[in-house]
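So, here come the structures, one by one.
Across the two complexes that follow, chain A remains constant while its partner is chain B and subsequently chain C.
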Partner chain A sequence: MAKILIFPSNSLILSDLVARFGHEPLTLMRVIRKKITEVGIDSPPINVTPEDPKKGLKYAAVDVPSGVRGRMALLDPLIEEAEAAIIVHEADYSFGCMGCARTNELVKYIVRNKDIPRLELAYPTNDDEARVFVRKIRDFCESLTHKAEVLA
Partner chain B sequence: MTRKIRIAHLSCGSEYSGIQKEIENAVASVNAELVYPEVDTDTIKDAVSEWGLEVASPDLQLMIARAKSIVDGGFPVDAVFITTCFRCAEGAITRSELRRYIHERANLPVISYSFTERTSAGTLLTRMEALVTTALRRTLLAREKQTGLTAGIDSGSTTTKAVVMRDNEIIGVGWVETTEVLKSAELAYATALKMARVDESEIQALGTTGYGRLLIGEEMKAALVQEELTVNSKGAVYLAEKQKGPATVIDIGGMDNKAISVIDGIPGGFTMGGICAGASGRFLDMTARRLGVDISELGPLASKGDHNRLTMNSYCYVFGTQSLVNALSLGASKEDVASAACYSVAEQVFEQQLQELEIVAPVIMVGGTSLISGLVEAMQDVLRMSVVVPRYSQYIGAVGSALLASGFIE
Partner chain C sequence: MVVLAESSPILPSELALRAYELSTDAVVKETCYGLIVTGSEQAVNETIEELRKLDPSGIFVKDRGFPPGDSRRCRAVRGGGPRPGFHQLEKESAILPSISYGLETIEDPLDVKHQKKRDKLKIDRFIEIIEEQSKEDVNG
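And now, the complex of A and B:
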């Protein structure tokens, strides 16, 4: 079972597909859940504190907007843990939505530069494309399973 | 109990900068609440397309859809607060255009702010107070004449001013450097009362404004304790006799600057800068000291100089000081240095703040720095518009407070 970074990282559908095909989806919800259940921090709604944009300096300099660095701090554990990645382009809001375009550009760039298997695909616009979309994700997930079996 | 003012918060994600709690604290302290217009995700793309600005960030697109929902009347609010990240070009463009759009189409008070992770509730408080006052106190702000015997105290970061007014006339003024907030206020007030030949007990209502307004207001039992954006708007159009129609008020203060679009004496849009003292009166104060002249002499000195003969950029106080020292060490004249310092401050205010506002005539300069003629000339040059400096412009906050306080006389 591989840890797969999904993008949009808050996509429930993508997360579900990855889980159905036998892998662990790395999602933003997981990070935020951890944040909001953390004891001792009171910074609603998602418990990001001014310290987080500072942690984001790992990825972007201080002249990069604080919102980008704060988001990068949240995504950092997902990027670190990722053993593979699935990136969906131009996704519909209802599929999953990452709010800041600059952050999105940076995350994709970092993932592309990681030496991990990666699947990039366009968001489907009709039923036929949707079937192809799901098949590609299934094939990618199976290839990861197969690879893991070979290595074992 | 008065109802809470509903402030729609349009943001590209201040929660990701860790400052959402600071914003909420500032809002709570002015008895308001943040609300978020609900929009259907299916409608966002159409809203953005209809509005016409092609932004890439989904959170900015959501801001646009929410703004449209407010303008279309689908979500009733009293005021709007727009925030985007500092240093984000896409965010800055969206913020500025949304602000204009809501102000023009929905006739709601709007303020915008570009935040960093260091933004605190204290920084936002004055802005929130102004926003809530504009939303709540339209009747009070419509007051055009001072009545009875009232006084106003403006506790600024550099100077404390006081005025006493009777039946729409200023009869006493006081002006002292701010040291201990309360003592300075008492001294300025006593000076104004003495000049007016009035005993403190005779004053029917007192208004306070400026940084020390809360402390002074409580100690002196003021009827009105009001932030300076509202008070200065009112005071400026009152003194300039431009109470009807639009006006632009520029107040370059000792610690921060205010630029306010005023309509019928009520602040519409405003910007309040304070990132670096290089763009404030503090830089001119330092320049005067470095040139060995009194601040009152800086203006006439600058009028004799030519800012084009040297380069000075006071975007940063330290860099500005460096270029000032360099210019002097290279033999630049005091006149040229004074002129360059005035021009630099005017340029910074223009570039950092006035770009966000629609500058409409009359432009009224107020506050202590409006007495520095070289700065007024530089501002006229930068804006390519004439600037009005009314009599008593340095007492603007105190006059505005006394004027508005008269609305509290029973």
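And now, the complex of A and C:
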């Protein structure tokens, strides 16, 4: 079972398909849940600690908008753990402010520079595209399974 | 978080009833889009596994960050406003029937149009189309 970074990181469809085809999706929701529910919250209500900006600084300089660094602090554990990645373009709901836009660009850039298998797709808009979309994700997940078997 | 595709014949209430029947340790909350299942990882996984059997290609599942009713997110406490994550859910719910169809037909061969790239339109044919269209416009 490979840990697959999905982008958009909160996608229901990607998260479901990756889990359905036998791998572990790395999602933002898991990071947030860990952050807000762990015992001994240091900084209520949502537990943003001084450690978070430091994580963000790994990826973006201090003069980059703080929103980018804040978002990167949450995405850092996902990028670190990722063994493969599925990136979906043209996700309308990932449209947002400059912090969102730059973070989206930065995450894609980092993932492309990381030496991991990667699948890039566009969101489907009809049944035919959805069939191809589902099939490509299935094939990608299966290729990772075979690779893991060969390595073992 | 369990989300039903619009094309699914199952209702959230039926999912909730099935979840209650299972009597695992998971806590279930029925919503307009499906269910929120909370509890230990094992209990949640068992519940989800059984619920999926009702409609394997029409039930979609994802993790949720905040627990249900959490005062940091709950609209009852914050005084209304859109549900955080609503826009994402709304956008993806719209294509869930297509994804569901993609899952149902995953073993079927793809249509010829996906296997073979279409030829480019020849310039002679393009001129013919323009002439036909202009004649129609003049006559019509």
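We adopt the following convention: the second predicted complex is superposed on the first by the 135 of 152 C-alpha atoms of A that agree within 3 Å, B and C clash if a C-alpha of one lies under 4 Å from a C-alpha of the other, contacts with A are read in each partner's own complex, and residues count from 1 in each chain.
To be clear about the criterion, contacts are C-beta pairs under 8 Å (C-beta built on N, C-alpha and C of every residue); 3 or more make two chains touch, one makes a residue touch a chain.
Treat the numbers as computed from the prediction; the structure is a model and nothing was measured.
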Using the superposition on chain A described above, determine whether A:N10 touches chain B (first), chain C (second), both, or neither. second
Is A:T37 contacted by the first partner chain B, the second partner chain C, both or neither? second
Check whether A:T145 is in contact with chain B, with chain C, with both or with neither, and answer first, second, both or neither. neither
Classify the contacts of A:A130 with the two partner chains as first (chain B alone), second (chain C alone), both, or neither. second
Partner chain(s) touched by A:A19 [first = chain B, second = chain C, both, neither]: second
Which partner does A:T27 contact after superposing on A: first (chain B), second (chain C), both, neither? second
Between chain B and chain C, the one with more contact residues on chain A is chain C
Output check: A:A101 vs chain B and chain C. Expected answer is one of first, second, both, neither. What do you get? first
Under the stated touch criterion, which partner chain does A:I46 make contact with: chain B (first), chain C (second), both, or neither? both
Pick out the shared contact residues on chain A: the ones touching chain B in one complex and chain C in the other. 45-46, 93
Residue numbers on chain A that touch chain B, as the complex places them: 42-46, 48-54, 63-71, 74, 93-94, 97-102
Which residues of chain B touch chain A once you look at their complex with the stated criterion? 12-21, 24, 41-42, 44, 55-60, 62, 84-88, 90-91, 115-118
Residue ranges of chain C in contact with chain A within the complex: 1, 3, 60-67, 70, 72, 85, 87-92, 95-96, 98-99, 101-103, 105-106, 110-111, 113-114
Flag every residue of chain A that touches chain C in the complex, lowest number first. 8, 10-13, 15-17, 19-20, 27-33, 36-37, 45-46, 91-93, 123-135, 138
